[in-house]
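Okay, so chain A shows up in both of these, paired with chain B first and chain C after.
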Partner chain A sequence: MNTAYNSLLDPDSLRQGAEAKLYDCVYLGKPAILKERFSKKYRHEELDKRLNFARLRAEIRGINKAQQVGVKAPAIYFVDTNRHILIMERVEGPTAKDWIESQRQRAEEEFKVQAKFGEVLGGEIAKIHLSGLIHGDLTTSNMIVKNGDPGNLHLIDFGLANSGKVIAEDKGVDLYVLERAIQATHINCEHIVDAILNGYKSVNAKQGEAVMARLIAIRLRGRKRDMVG
Partner chain B sequence: MVCILGIEGSANKVGVGIIRDGEVLANPRETFIAPLGEGFRPSETAQHHRQKIVQLVIKALHEAGIQDPEKMLDGIAHTKGPGMNAPLQVCAVVARTIALSWNLPIIPVNHCIGHIEMGRLITGADNPVVLYVSGGNTQVISYSAQKYRIFGETIDLAVGNCLDRFARTIRLSNDPSPGYNIEQAAKKGKKFLQIPYTIKGMDVSFSGILAFIESKGLEALRNGLYTKEDLCFSLQETIFSMLIEITERAMAHTGSKELLLVGGVACNLRLQEMARIMCEERRAKIFATDERFCIDNGAMIAQAAYLMFNAGLQSTVDKTTTTQRYRTDQVNVVWR
Partner chain C sequence: MSPGVSRCYELQPDPYDYTQRRAIRICLFVDVENASELRGKLRTGEIDAALVRAELIIEPFLFLAAANKAVYQYAHNRMSTRSLAAELIYSLSPSRNISDSLNTFGVAENSRTILAAVYDDEKGSKMKKLAKQIKGRAVPLDYLKEISNFKLIRRAYKIYDPSITLDNIDEEILTRMITKECIS
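Let's look at the complex of A and B:
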């Protein structure tokens, strides 16, 4: 049991995400998660420091901004900028990835429930985009369906988020990344992508139109990639 | 026993490989090396392939000890795409000719699938995440439900293309390959130049990096602040870190514990080292091959065709067209 930062850490709960180690802990009596962006030995020290700091900062800013516009994201409890550690609220529930796959058994209802999930997700993304925030890593691993309720969706992992001068192109790429992640991860789930785009457009028609036009152009660009091997 | 002869020539390499039940019997190859400061052009590359390909077929048959191809071979394979069309057509014409004259079935193969299947054969990797990096392709791939699915890829330049073009601007030789010469120069680099680092989810972008190093990088070179070696070092460290990061993201997302490196850029020992460290940090296994099989070769086309042939797939001569664009995830993987 580790009592660093007034938190009770459960060392057996270690999970390794793409860029950080995650532990379950209890912070001032609340269930929490400790996220440590450890130094990556494969990359140059200077680059590693720069990236870990930038990602930590992006995550804090991204979560703040999302919460400001009413998008659910885990509350931040504690930050250690030297060790790139973040302690935040533990949101109980499956990742969207696991949740989508768990819906497969219930064939008839599946479509309706998944479509609802897609619409909620699209709406949340439109809201953060409208505020000038880009998530930067929208995959179904980076969202939690709290208590398995698709209406109660939390976005996580804002380490690649950026805000500021955000144009329709950036928003389109954000959606394109998500679309591709769903196509690659979830078989026969095109209807979820459609629902996401509908939910996205329903929040703000002007943004929706501009971003859809970009998205179409970005898709064509993506397909062109395979040229010479 | 099934024995396949495969012909590859989608870029500046032309190769003929013969595979019999997982054993590489022959795999000779020739490379077109462009003059200093230039890339390889389609028409010149095709001319090179035309001049080499017949002797490569004869050499492969000789090395494999095949005296009677009509009886000892079971099929002829060629690269359908993706690749440069003129060189692809040279290989397709030869494949059709020998298939008709020896009365053998013909099997067109997706080049990227060839890389993956050859990597699996040589390393014994079972169901890995694949990092496929070459002059024209940059993809992070994982298999599920009869498709090799692309989780991440470049949204503009391929990594090898970025390296090749940088080598041209600092006038590094294309012999044996620009990437190899950058790798050697990078070993002597010490000073790290900050270069933009662009990843979007599991995708990467290199065009901004190339533009940056061709302007700010060359400026620093002229001012004497950085050497050519420093630039090679900084470029390699940055873009390889990006590749390893998106690969790790895909491994975390899919939960995979195996990584396979394929494609010409995967020969780079620094990239292999970085991949190995990343895998150690997350207790995954890494599989890599050497230049014989990383770089385009005929055996990889033969191996993919071998699997297709055993699954009952073959084509007719009128369908053996070539195509410049043929995505990895378009192929129906019926053999897995």
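Let's look at the complex of A and C:
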């Protein structure tokens, strides 16, 4: 009669990045992802603790803010601040990186679909920027195309997100990092970058203009700012 | 109250630790007539259960997530309130103000629908005892979607962005209630 929902952890599903380990799990009956930021032994203990906590907080805040302005991000199911564990909704679908590469086979439609993807992505980035949130690590690996539908784009990994005092420079750098990431991972995809910028400008003209102006300057000098004067 | 109407769910205060297990039994009551009497009994401690305004719960999973958060806080000795039942109601709220949370999400004077929850009631005896005190009809949990009130939920969680609809509001609510201590 009664259904018992329980939580399961699948130990074979480990994926590890530089920052955290990811496991597939089931949380109270729903498919989920467990993200654990492990402590790094080579760092000073206190520094390690603070960095881990700061990034966990940044991630939580980033997801919160993004969802508040209607940008899709995985829902958070559980937080353990002591051990830096986050359990999040599992968004099914390929990463944008895999999705773009899989699109290559269909040469004819490719352009149209990818341009649409770019515009959606640009719009989402503009929305979070408008709310004063910088993602900090925009790459095509940090996005999931839910169920392969380019209109249903989820942003993930807000660990380096930054909010609060945000100027056009920061937004420009965010876009620049994405632009470089796309150039580095995908061949012949300049049209996607163009579509992203178009999508970005279409959300808010004023922000778009200011950021584009910065972006041109950033392209000339790179991500880091010259420290002169 | 017929058996099978209420449901028992397994909780795990620690997602890694399988040795710690707890359970929660949930039952939905409609056409409740004695809400204000129930409030009094809650206050005196005669009833040890969480009685929640069912209109504000959009799906059972949200409720379970809050319940699990409450047992987690309990297991780590970090409860903000004095009882597990109150902690559950507090966990449902996006606010860190305890009395606000209890007033908004706890049963109100004129409530007609109540979502009742008792901890560690695998056999269902506590729920049976509780049901005797509630003058109302127990219905299956599936009715929740007809009872939940989108407008009220929006107001309770202060979600006004037009792009958030019935389809994606649960994600937003979850994040808000689970992470309220971590932001600001």
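Following the convention adopted for this analysis, the second predicted complex is superposed on the first by the 215 of 229 C-alpha atoms of A that agree within 3 Å, B and C clash if a C-alpha of one lies under 4 Å from a C-alpha of the other, contacts with A are read in each partner's own complex, and residues count from 1 in each chain.
The rule we apply is simple: contacts are C-beta pairs under 8 Å (C-beta built on N, C-alpha and C of every residue); 3 or more make two chains touch, one makes a residue touch a chain.
These numbers were taken from a predicted model, which means no experiment stands behind them.
Colleague: For A:25 in the superposed arrangement: first (chain B), second (chain C), both or neither?
Modeller: second
Colleague: Tell me which partner A:141 touches in the superposition: chain B (first), chain C (second), both or neither.
Modeller: first
Colleague: Of the two partner chains, chain B (first) and chain C (second), which one does A:72 touch, if any: first, second, both, or neither?
Modeller: A:72 contacts chain C only, not chain B.
Colleague: By the touch definition at the top of the document, which applies to A:9: first (chain B), second (chain C), both, or neither?
Modeller: second
Colleague: Looking at the overlay, does A:87 come into contact with chain B only (first), chain C only (second), both, or neither?
Modeller: Only chain C; A:87 stays clear of chain B.
Colleague: Please indicate which partner A:177 is in contact with in the superposed arrangement: first for chain B, second for chain C, both, or neither.
Modeller: A:177: touches chain B, not chain C.
Colleague: Please work out whether A:63 is in contact with chain B alone, chain C alone, both, or neither, and reply first, second, both or neither.
Modeller: second
Colleague: Can you list the residues of chain A that meet both chain B and chain C?
Modeller: No residue sits in both footprints.
Colleague: Please output the residues of chain A touching chain C within their complex, sorted ascending.
Modeller: Touching chain C from chain A are residues 1-7, 9, 25, 27-30, 34, 56-57, 60-61, 63-64, 67-70, 72, 74-82, 85, 87, 89.
Colleague: Across the complex, what residues on chain B touch chain A?
Modeller: It is residues 10-11, 82-84, 111-112, 115, 134-137, 142, 144-145, 149-151, 153-156, 158, 161, 192, 194, 197, 199-203, 237-238, 241, 244-245, 248-249, 251-254, 263, 273-275, 277-278, 281-282, 296, 324-329 of chain B that touch chain A.
Colleague: List the residues on chain A that touch chain B in their complex, please.
Modeller: Chain A residues touching chain B: 16-19, 40-44, 46-47, 50-51, 97, 136-139, 141, 160, 173-174, 177-178, 180-181, 183-185, 187, 218, 221-229.
Colleague: Quick one: which bits of chain C touch chain A in the complex? Just the residue numbers, please.
Modeller: Against chain A, the touching part of chain C is residues 3-4, 6-12, 14-16, 23, 61, 64-65, 68-69, 72, 76, 159, 161-164, 168, 170-172, 174-176, 178-179, 181-183.
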